[in-house]
Amino acid sequence: MSMELAEAKVKPAVKARKARGIKAGKRIERIITYVLLITLSALFIFPFLWLIGTSLKPENEAMTFPPALLPKEWDFANYKDVFTIVDFGQYYVNSIIVSIFAVLGTVLSSTLVAYGFARIKGKGRNFWFMILLGTMMLPPQVTMIPVYMIFSKLGWTNTFLPLIVPQFFGSAYFIFLLRQFFKTIPKELEESAFLDGCSTFGIFWRIILPLSVPAVITVALLSFMWTWNDFLYPLIYLNDDAKYTLALGILQFKGALLVQWGPMMAASVLVILPLILLFFLGQKYFIQGIATTGGKG
Amino acid sequence: MNKSRTFQFYMFILPWLIGFLALTAGPMLYSLYMSFTDYSGLGVPNWVGFENYQKIFSSDPLFWQSLWNTIFYTVFGVPLGLIVGYLLAVLLNANVRFMGVFRTIFYLPSLVPTVASSLLWIIIFQPDFGIANAVLSFFHLPTSNWLLSEQMVKPALIIMSLWGAGGGMVIYLAGLQSVPASLYEAAELDGAGKFRKFWNVTVPMTSNVIFFNLIMGLIGSFQIFTQAYVVSSGNGGPNYKSLFYVFYLYQDAFKFFKMGYASALAWILFIIILIFTAIQFKVFGSKVYYEHDE
Amino acid sequence: MRKKKGAITIVLTLVLALSVFLSGCSGSKSESASGGSKDVTLRILVWNNNPEGTKLEGKIFRAFEKENPGIKVKQVFAPYDKFNDKFLTMSAGGDQPDLVWIQPSAFGQFVSKGVLMDLSDKKIDKGAYMPNVMKLGQVDGKQYALIRDASTFQLGYNKDLFDAAKVPYPKDNWTWDDFLDAAKKLTKVKNGKTVQFGMENFYTSELLVENGGGIVSKDGKKVIIDSPESIEAVQFGSDLINKYHVQPTSAQSQGLSNMFLAGQAAMKMMGPWDWADTAKNAKFKWDVVPLPAGKAGNVSASAYLPIGIGKGTEHPDEAFKLLTFLSSGKGQDMQAKTLSAVPVVKRNADQIEEMSNAPSNAKSLANTLKEGKTIMNAPYIPEYAEIVNKVQPVIDNINLKGKDADKELKKIADQVRSEYNLK
C-alpha cells in the first residue's frame, strides 16, 4: 500500500516533465511497443488456438497432414465426452480444494520462513539456507518412494493430505524467491518501526508483507497453478476415481495403445481455462508499471 | 541481542525446519543409503558398497552421454531463457492498454500441459510440412530434421523451452514493480537516456530476481526431463541425443528397476548442481543488490 | 516477541487442525484393510486403453461381486507409461494392491524380485485355455500370472484404395513378397511427393517374429538380433522405407498417427483394440488379414495381458477367486461383448467374430489364436527392457539413415552379449 503512496508522490514531477513533453518520440515508442507486443502475442497464443482447434476436431481429422489450425467441421462431441465418460465435475471440486489449501499453506509458511532467512541474522543462518537450496538439487524421483512410505505409515494415502500438508511447511522454491524480495526492502523502515515498539513479528506483518504484495501475489498464483497442473503426486497418492484431480483426469485419455487426442485436448482446455482467468485477474496486482515513464499519467 | 535474534530466527524458520526434518531429510538420507545397494524398487536392498558409483564412472556410456546432453542444454538454454524472459517482462511492464491481455497471452504457453504442447512442437518441427522448415526454406536457409536429427534435437528442445519463458517473466514482473520510481527520477535529472536508465537502474535494482531465476534456472535445467521424454516417446532418441540426465535416471529407476543405481546417479547430480550453484553464488552473488544486512 | 510466538502457534495449530479435519473426512485407513464389517475389499491395479474401458471393466467386477457376496472389488488406475511409478511406490510403502495387471516387459523383474504369488499349486483349469496361453504366465515352469486377454496384430487394409488401384485384396496366407508387390502398386507419387503410401508402418518387432528372428531367444539366454533371420527382417523393414519407398520415413510420418484413417496409407498394423476407433472414424470400407509371412509363416507376436496376485495380499483366496473369474470364469464370457477384449478360453473363440465393430474377416484372428500361431517374443529375464532399450536406437538408425542392417546389428549384438553375459 505504501508503494502506491510513494508512486503518488513522484507523479506530479513526472507530469511536469511530460507537459514539456517530447510527444512525437513517445508516440513512436508506443507504436513500437504495440507492434512488438502484437507480433510476439501471435507467436505465443498460437499453441492455445491450436489446442482449441484440435479439441473441436473429430477423431479422423485430429492428426492428418497438412495439419489445419481449424477443424473442417466443428465438433463439440469431445467436450461432451469429457464430462460424460469421466467425472470431470468432481475432479474440478477436488482440484479446487487441493489447490486452495496448498496455496494457503505455501503463502503462510513461506513468507514467515523467508523473512527469517532474509532479515534475521541468527546463528547458523547460512548453513540452513544452503540446506534449503540443497533440498532442490536432488531429483525427486529417488525420494518419491521413501516419502510415500512416511505418508503410508501415517495412513494418509488415498487422501488429499500428502498433497496439502507438506505445503504448510513451506516450499524451498518460494522461500528463496520471497527472501530475494524481502532482502531489498529498505532497512530504515524496519528500524523506525522497531523504535516505535513493534515486535519482530509486528515488523514482518505490518511493514514487510504490505510492501511485498506483488511478490506474495506472484507466489500465490504460481503455487496455485503448479498444484493445479501437477499430476505426479496425485497419481501416486490417490487411488479412488472420486478423489482424482483434473491433471490426473487428463491422463486417462492417454491409453496404453491409443491416445484419444480430441477428448484429451478438450480436457486440457477445460483444465487451463480457470487458470487463464485467474492469471488475468491476478496480474493486475503486479500493479501499474512504475518503471515506465510513459502512459496516461 | 544476538542470542535472542538467533532464537527469533529459528522461530521464523520453524515451519520449514519441522518439514525438513520430518519429511525431507529422512528420504534424502534413505536415497543416499540406497545408492550403495542393489535396490530394485521391489524386494530387499543388498549392500554393494561403491559398486554403483564405480560402474557409473567406468563403464556406463549413457551416463556420460546424458550428462553431456544436460550440460549442453543448460549452458545454452539457461542464459537464453534468462534474457528472453527478462526482455519480455520489461516489455510487459510498459504502460499500455490491454496489458492484462498481453501478459496473459505471454504466460499461456506455461499453462498448456506438456503432453499437449509437445505434440504441437512435434508438428511444428515436422521435417516435411512443419512450420519451422517452411520458414527456413522461405528464407532459402537449409532445413533440418529437427527432433529426428542428432545435431538439432537439443537446439530444438531449447527453442521449445524459450517459448515457455513466460514462467520466469512473471517473477521478473514482480521484481520490476519493486524498483522505486524515485530512482528513475534521479537518473532522469542526471540526464540519463532510456538505455542508461535500463542498464544503471532497472537491471541492478532487479538483480535480486535475476539472480533467483539464474539459480533456479540452473537447478531446473539440470533436472529437465518431461519435454524430452514426451517428444522422444520415452526413449531419448535419436540415438540418445535427447536422453537427459534425469530422464536416464528415471528410466533406470522405473523402467529397468535399478533404483539403487538411479540413486547413485541422483547423488552425483546433486554434487554437480551443488558445484555449479556455488560458482554462481561466488561469481554473481556479490553483484546482487540487497538492502544492507545487519 | 509474545506476539510472534502467538502467530506461530496459530499457524501450527492450523496445520494440525487441517490435517485432522482432512484425514477425518477422507478415511485414513487404507482400503485393503477390511475394517469392521466382514466384507473383503480387493484392490486391482489397472491401466486403460481409454477412459470408457475403465468404466466397462467395472461391469465385470460388479458381476463378480454379485456371484461372491462379501467380496468387493476396487480398481486403482494408473496410466500405462506411469504404471511402474505407481506400482513401485505402493509396494515399497507396504500398500501393495491385491491384484495387478502386468506389462510383459516388467514381468521378469516382478518375478525375480518376488513380488508375485506363485500360483503353480492352485487349481487352474488348464484345458480351458487356447494354445500357448498358459505359457505366457510362466517363468521357469512356474505359474506367476494368468492371462486375461491374448490377441495379436493383423494387417488392416483400405478396400477402397485397393479397388481404386485394381489390386486384389490381401489373403490370409499372404507372404512378404505378395505384400511388397501390393504395397508398391498402392503407393502414389505426385510431383515428386508421395501422396499415398502402401503401408503406414510395419513394426520391426513384428517383422522379426514373422521371420523367426528376435532380440533375445525365448529362454532368455541367447542374443539373436544378429541371426540371419533377424538381419533379413530388419533389412526388409528398412527397404520398405529406403529402397521401395512404400512406407513413409519417420521424417514423413512424424506426428501423424492416423495416416490410414485419413486415407493416406492403404495398409496398417491393426489389433482388435483398433477396431472400434476405425469403425467409428474410417470413411471407407476396410478389413483385416493375418500379417504376411516371412520365413516363419503367418505368425505374429502375442499381445496379451497377464494378471498376477501380489505376494503381500491379506486375502490370497479371494484374490485367486477373482483372478479365476477374470481369466477363465464368467468374466471370459462377458469381456468380448462388454470390453471388446479378446477371450483366452477355447469355448469363446467364436465370440471374436461377434465382437462389436468386428470386420468381416475377424474369423482370421480367431483362427490365428486357435491354431496357436502367436509367438511370445519378450523373454522374462529381468534385463529385457534394458536390452530392448539398447537395441531400439540401432534399429531406428537403420530405418532412418538406411544403414546396413548386417553390420549394425552384429555390432550391437556383441555389445549386448558382453554387457549382460549372454550367449
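Which chain is which? They are A, B and C, in the order written, and residues in each are numbered from 1.
Definition applied: contacts are C-beta pairs under 8 Å (C-beta built on N, C-alpha and C of every residue); 3 or more make two chains touch, one makes a residue touch a chain.
In this text, all values refer to a predicted model and were calculated from it rather than measured experimentally.
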Intersection of the contact lists for chain B and chain C: A
A-B or A-C, whichever has more C-beta pairs in contact: A-B
Chain centre separation in whole Å, for chain C relative to chain A (CA means): 38
Distance from chain B to chain A - Cα centre to Cα centre, in angstrom: 16
Interface hub residues of chain A, defined as touching at least two other chains: 65, 67, 109, 112, 145, 168, 200, 204, 254
Multi-chain contact residues (two or more partners), chain B: 8, 11-12, 15, 41, 119, 123, 126, 128, 254, 259
In chain C, residues with contacts to at least two other chains: 1, 4, 8, 11, 15, 81, 85, 88, 92, 255
Contacting residues of chain C [partner chain B, same complex]: 1, 4-5, 8, 11-12, 15, 81, 84-85, 88, 91-92, 106, 109-110, 113-115, 250-252, 254-255, 382-383, 385-386, 389, 392-393, 396-397, 400
Interface residues, chain C side, partner chain A - complex: 1-4, 7-8, 11, 14-15, 18-19, 22-23, 26-31, 43, 47-55, 74-82, 85-86, 88-90, 92-95, 255-259, 261-262, 264, 271, 273-274, 277, 280-283
Contact footprint of chain B on chain A as seen in their complex: 3, 6-7, 10, 13-14, 17, 30, 33-34, 36-37, 40-41, 43-45, 47-48, 50-51, 65-67, 109, 112-113, 115-117, 119-125, 128, 131-139, 141-143, 145-147, 150, 166, 168-170, 172-173, 175-177, 180-181, 183-187, 200, 204, 214-215, 217-218, 221-222, 225, 229, 247, 250, 254, 261, 264-265, 268, 271-272, 275-276, 279-280, 283-284, 286-296
In the complex with chain A, residue positions of chain B that touch it: 2, 5-13, 15-20, 22-24, 26-28, 30-31, 34, 41, 88, 90-96, 100-113, 115-117, 119-120, 123, 126, 128-129, 163, 166, 170-171, 173-182, 184-185, 188, 202, 205, 208-209, 211-212, 215-216, 219, 222-223, 246, 249-250, 253-254, 259, 262-263, 266-267, 269-270, 273-274, 277, 289-294
Footprint of chain C on chain B - complex, ascending: 4, 8, 11-12, 14-15, 40-43, 119, 122-123, 126-128, 130, 145, 147-148, 234-235, 237-240, 251, 254-257, 259
